[in-house]
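Each structure below is given as C-alpha cells.
Next, two complexes with chain A in common: one pairs it with chain B, the other with chain C.
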Partner chain A sequence: MAAHAHAVAPRTRAVESTRSWRTLDRIGLLFCWAAGIALCLITAAIVLYMLVKGVQFLRPHLLVTHPQPDLDQSKTGGFLDPILGTLILTVIGISVALPLGVATAVWLTEYGRPASLARAVESGVEIVAGTPSIVLAIFGLVVFQQHIFSWMSFTAQGNAVFARSFLTAGAMMSLIALPLVVGSTREALQSIPRHVREASYALGKSRFATIRRVLLPAARPGMATGATLGMGRIAGDTAIVVILLGASLQLQAEGSTPLLKTLRGTGSTLTSYVYNNSPAGEGNAPQKAYAAAFVLLLIVVALNFAVDVLVRRRKEPQWIR
Partner chain B sequence: MDQVMPPPVRRIVVDGEPTTVAPPPPRPETANGHPTGVTPLRRRARTSSPGRERMRVEELSVAYAGKLAVKEVTLPVRQGEVLALIGPSGCGKTTLLRSLNRLTELTPTASRSGRILLDDADVERFEVTDLRRRVSMVFQQPNPFPMSVFDNVAYALREQGSKRPRKHDLQPAVHDALARAGLLAEVQDDLDRPALRLSGGQQQRLCIARSLAARPEVLLLDEPCSALDPQSTAKIEELILELRRELAVVIVTHNLQQAFRIADHVGFMYLGHLEEYGPVDQVFGTAKSKRTRDYVSGAFG
Partner chain C sequence: MADLPGRVSGQRQDRRAELGLGALASCVLLLIVGMVVFVFGKAWPSFAHNGLAWFGGGGNVDRQLTDIFNSPANPSNYVYKMHAWPLLYGTAVTTLGAVVIGITFALLSAVFIVEFAPAQLRRVLEPVVRLLAAVPSVIYGLIGILVIVPFVGNHLISQGRKESVQFVVQLNGTSLLVAVLILTVMIVPIMIAIMVDALRAVPSAWTEGSAALGVNRWRTIWSISVRAARPAIVAAAVLATARALGEAIMLSMVSGSVGFAPNPIDGLTFFVEPTRPLAATIVDNAEGLSVKPFGQTLYAFAAVLLVSSMFLSLAGWAAKQPLRKYGNA
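Then we have the complex of A and B:
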C-alpha cells in the first residue's frame, strides 16, 4: 500500500516543520507546549494525591457519623453534618440564583432598554462575579444583622441579630452562582436566531408567550450548564461558610419549626470542615481533612462532568443561520 | 416532480407575445389543464377574474433611522391571488412585506407613514397579536421551534394566557394544518419527533403548516425557498398554488422564474419605489418601465 502510494505521487507533508521558524517563534512554541503539559501534570498531581489520601483515610463510617468535638481523634466522628451542610447550602444558593439569573438574562437579551440600565446591570453582574467571596460574606454579615432580617437567623440576648444561618449564607452564595447562570443563559438566548423570535411574533404571539414557550425551552441546556457550574462554585466556597454559616461542627438548629429550624441554624460544609481540620485550623486532624477534601473533589468533579454531558447534549439540531 | 425546468427568463421575453398580452390570452398548454410539454412555462391556469381586495397599501413609506427603505408604495393584495414582490437586494421588498403585519415595529428605529388596510380597517387599529394571526408570515430560513412537530403546529392554536387545551382536542386542527401544508403523510407516524430533526424542506412546510393553523387570511412569505433544494422548492411552490384558493399570498422572491411560475400579480421594486405593478405577463412581457424590462431580462440583478 505504502509503496503503491509512493509510486503514484510524492505526498506533501501535512506536518509543518519548525526548522524554518525564527528562534523567538520556536521558543514561543516550546513555551506553549510546556504550559499545556505543566497544566496536565498539576491536575494529575492534585487528583492523584487526593485519590491516594482519600483511599488511605476515607472510611465509609466517616460519611454517616456526626462530627464530635473531642481531644481524642478516635472519638471525633465523621463528617455527615458537613456533607449535609454542603448539600443544603448548594440547594438554597442555586434555587435563589437560578430564577434570578434567568430573569436577568431574559431581561438583558429580550428587553434591555433603556440601554444605560442594561449596561449598568451588565457591569453589576460582572462586579459581583469579580468580588472575592470574603467581601460578599462580610457584606452579608452587615446586611443580615439588620432587624428586618432577624427571621433568617436568630436574635441573641440584647436584641442583636446573629446573621449566621443557612438562609443568610445561602443568600450570599446565590450571588456567587448568579453571574454564571446569567452568563450561560444569556449566551444560550443570544444564540437563538432573531427570525425564530419573529416567527413566534408572526403567529400572533406576545413577547411573553415567546419567551415562555420558545426561548426558555431552547435555552434550557444553557441554563442547566450555568446552574451546574454555579453549584460547583457554591460547594467549593469557604469564606462565606466560615463567616455567614458559623462553621459550627454540627448542624445547630434554631427555633422549633421543622425544616426552618435547620435553615435558620448554623452548620458547616465540607470546605469549612477541611479548613478546620487541616493543620491551619483548630481541629488538627489532617487525615479527616484529606478524606473530606477527597469527597468534596468528587462532588465538584461530578458536577463538572455533568456540565460536559449537558454541553454535549446541546449539540441538538440547530436552525439554519 | 418530473417538471422540465423552465427556460431562462431571458427567453420568456422573447417567447412572449408582447402585443397581445393584456388581457392575457389563455395559453394553449394550460387552457385545457394538460400541459403539452412543448413550452411548459406555466403549469396552471391564471385566475380569470381578480379576487376581492383583502389588503391595501396606500402611500406607504417606511424608514429605518430616517433613511427611507420603502417610498410611497400603493398596491392591492387580492384574495385568491399570489402577489410576488421582486427586485434587487435592498430595494425594500422585505420591508414592505414586514410592514403588512407590523413586524417592522420590532425594529426600534423603523418609522412608517401612509396606510395599510386589512378589510378596509387600518392595521394600526388592530391588536397587534390579532393582526398577526390574520396576516401570518413564513421566513427565509426554516425556523421550527425546538419542540415536537405536533407542538409546533399546536403552538399557534393555543391561546396565550388561557389554560392549554388538551392534546386530543387539538389533534384534528393540527392534522388539518399539516395536511394543508402537504406534510401530514410524511410525519403522521411520529408527530412527537423533534421538529428540528426534519429535513429543511419539511421544516419549511412545517412552518407553513404552523402559520396555516391559525387560519390566517393573508400569508406572507419572505423568500421561503431560498434555503431549499429544487425538489423542496417545487413542493412549496405547488403548495402555494394550492393555498391561494383560500387566502391571499404575498411572496418576496429573488428567483424570477419562481415569480413567473407562481405569481398572478407582480410588483417590481427598485430603491424603495414600486417601479411596476401588474399582472405577471405584463411585468414579464410588456413592462412599461425600461428598468423593469432590464431587470426581468437579467440585465442587472
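Then we have the complex of A and C:
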C-alpha cells in the first residue's frame, strides 16, 4: 500500500518527497488521489454519456416540430414547445428576480438600517435559498388559487382558480434565482472600496445618486453573473414546472389578449418534457428524453460558460483602484 | 446657498429611496411568513386528526394515501389517517447517507484540487466541478432510471434475493442504493466548490509557518487548512443537506414509488430495497392535490420539509458567521 502511494505521489509539485512521511499520511494521500481520480472519471462518464446519447438521438427536426400526444413514437413530434416554455419561464423568472434581488442587495450593503431588520432579511434570503423547490411549488399553488390572483391563470368551472400558468410558475421560479442574484450583487458591491463612495459624497452627491450613478454601474458584472446563475437554476428546475405549469405538452393559450394569453396559459419545459418521457412519466420515449436532456444540458453549459466569461472579464472601471 | 433647495430635495429623495429599497428587501420576510402561514394552514387538518401518531409508524403508507384519496365527498367523512414514518425514514436515510458519503469524498477531492492536483488537471477540474453543480437534477434522474436502475436490477440483485422478500416488496433496481449514489453525485460538486474556496482563503502565512516547522504537506493541510476552513465545511454540509432533503424529481425517478421503509435487519438486501422520501411523494401524487383531504396531507409533507429546511438554513447562516473574520462570506 505504502509503496503504491509512493509510486503515485511524487508527480505533484514535487517540493518534498513523500519518502519521509509516515505510512498513515501516505495512505491519506493515496485516498486523496483516489477521490480526485474518481471525480474525473465520474464527470467524464456523465459528460461523455450525455454527449453520445445526444448526438445519437438529437435530430434537427425535433427542435422545430410541435410535440403531439400519440402512442406511436414516430408521430409524437419534437420539442419546440418545451424549448419555448423554458425560454418564457426563464425570462419571466429573471425579470422578477433581478430588480428585486438588486434592490435587496443594495439595501443590505448600502443602508442596512435598522441592523436587526437587515440581519433578518439576510437570514430570510438564506431561508429562501434553502427551501426545496417542491415546497415553493405547492406554496405557489395555494397562494395563486386566491381570487385576487385569478388574472394570472384561468378560472375553471365552479369559480375555482386553476393557479397553473407561465405567470404563476415564473413568479415562483424567480424565488429560486433571487438568492443567487442577491449573493453576487452583494459581493460586487462589497468589493467596491469605501473611498469610491466617499469621493462621490465629497462631490455633493446624495447616497441615492451615488448608488445609481457610481455603485450600480460598477457592480454590473456581478449582477450579470448572478442573473446568469439564476437563469441556469430556473432552466434546470423541474418540480415547479411539474406542479405549477399544468401538464399540457403544447403551449395552451388562455383568453384573447395577444401576449398575455400565452403567459396565462399552460405548457411544458425541457425539464418536464424529459421527466414525462422518461420511464417515470407517461410518455416513455427514452430517445426523445435523451435528446431533450442533451439540449437542456447545452443550455446549462452555455450559461455556465457565460458566467465564466463574465467573471474572468470583470472589467473594473478605471476609477476603482 | 443657492443649491440648498436642491440638496434638501436630494435628501428627501434619499430618504424615499432608503424606505423603498428597505420595503422591497423586507418582502422576503413577508414571503417567508406567507409560506409558513399558507402551508401550515393547509396542512393543519392532517396534523390535527392524527396528533403525534402522524410521525409514527404503523400500517401501509401507500394504502393510507389511497384511502385518503378515495375519501367520501362529505367533508365530515374525510379520511385523514396517516402514519408517515416510512416516508420520514426514507428521507432521513437517503439524505444522511448521501451527505455522509458526500462530505468525505468532497473533502478529499477539495484537498486534492487545492493542494495535490497537477496544474493542468486543476485548470480542467475547477470549471467542470462548477458545471456539474449546475446540471439539472432531471438529467441525473434520467441517467439513473435508464442506466443505473436496470443495471442494479439485472446484475446486482440475484433471483434468490428477489424471492426472499417477494411477499413484502418488489425488488426491481429502484432502490435506496441508487438513490443515495446519485444524490451523492449531485451534492458533491456543490460541497467541493465551497470547500475549495475556503481552503484557498486560508492565509498562506499559516500554512507556510507550519511547513517551516518541518510539518509535511499532508499534515499541514489537515491540521491547519482544513481546521481553519471548518466553518465553511459545515456550511457546505448544511447546503448539501438542504439540497438533498428537497430533491424531489430525481428521487421520484430512481428510488422506487413505494412507501416502504428499508429494513437494516435484511442485511445486504437493505440497500436494494425501494423507498420514497417526502419530496418525491409530493411529486408522485401531485395530480391528487385537488382532492381536499389528500391535498392537505401533501401539504403536511411540505410543512415538514419546510420546517427542516428552515432549521438547516439558519444553522448554515450561523455556521457562516465565523467566516466573516477572514473576509469571505
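The criterion applied here is as follows: the second predicted complex is superposed on the first by the 300 of 321 C-alpha atoms of A that agree within 3 Å, B and C clash if a C-alpha of one lies under 4 Å from a C-alpha of the other, contacts with A are read in each partner's own complex, and residues count from 1 in each chain.
The rule is simple: a residue touches a chain if its C-beta (ideal position, glycine included) is under 8 Å from a C-beta of that chain, and two chains touch if they have at least 3 such contacts.
Remember, it's a predicted structure, so these values are computed and weren't measured experimentally.
Visitor: Does chain C touch more residues of chain A than chain B does, or is it the other way round?
Guide: Looking at chain B versus chain C, the one contacting more residues of chain A is C.
Visitor: Does chain B (first) or chain C (second) touch A:Leu30, or do both, or does neither?
Guide: neither
Visitor: Can A:Pro279 be said to touch chain B (first), chain C (second), both, or neither?
Guide: A:Pro279: touches chain C, not chain B.
Visitor: Now for A:Ala209: first (chain B), second (chain C), both, or neither, which partner does it touch?
Guide: both
Visitor: Of the partners chain B and chain C, which touch A:Ala218 in the superposed model: first, second, both, neither?
Guide: A:Ala218: touches chain B, not chain C.
Visitor: Regarding the shared-chain residue A:Ala199, is it in contact with chain B (first), chain C (second), both, or neither?
Guide: In the superposed model, A:Ala199 contacts chain B only, not chain C.
Visitor: Now for A:Ile134: first (chain B), second (chain C), both, or neither, which partner does it touch?
Guide: second
Visitor: Counting only touches as set out at the top, which of chain B and chain C does A:Trp107 meet: first, second, both, neither?
Guide: Once the two structures are laid over each other on A, A:Trp107 reaches chain C alone.
Visitor: What is the contact status of A:Val309 with respect to chain B (first) and chain C (second): first, second, both, or neither?
Guide: It touches nothing on chain B or chain C.
Visitor: Using the superposition described at the top, list the residues of chain A that contact chain B and also contact chain C.
Guide: After superposing on chain A, chain A residues 204, 206, 208-209 contact both chain B and chain C.
Visitor: Which residues of chain A touch chain C in the complex?
Guide: Result: residues 9, 11-13, 15-16, 18, 20-21, 25, 28-29, 31-36, 38-40, 42-43, 46-47, 49-50, 100, 103-104, 106-108, 111, 113, 117, 120-136, 138-139, 141-143, 175, 178, 204, 206-209, 211, 229, 232-233, 235-239, 242-243, 271, 274-275, 278-280, 286, 289-290, 293, 296-297, 300-301, 303-304, 307-308 of chain A touch chain C.
Visitor: Help me check something: in the complex, which residues belonging to chain C touch chain A?
Guide: Touching chain A from chain C are residues 3, 7, 10-11, 13-14, 17-18, 20-22, 24-29, 31-32, 34-35, 38-39, 42, 105, 108-109, 111-113, 116-119, 121, 125, 127-132, 134-139, 141-143, 145-147, 185, 188, 192, 216-219, 222, 239, 242, 245-249, 252-253, 279, 282-283, 286, 289, 298-299, 302, 305-306, 309-310, 312-314, 316-317.
Visitor: Okay, in this complex, where on chain A does chain B touch?
Guide: Per the stated touch rule, the residues are 193, 195-196, 198-206, 208-209, 213-214, 217-218, 316-321.
Visitor: Along chain B, where are the residues that touch chain A in the complex?
Guide: 101, 103, 106, 129-133, 136-143, 145-147, 155-156, 160-161, 194, 196-197, 200, 207, 210-211, 214, 220, 227
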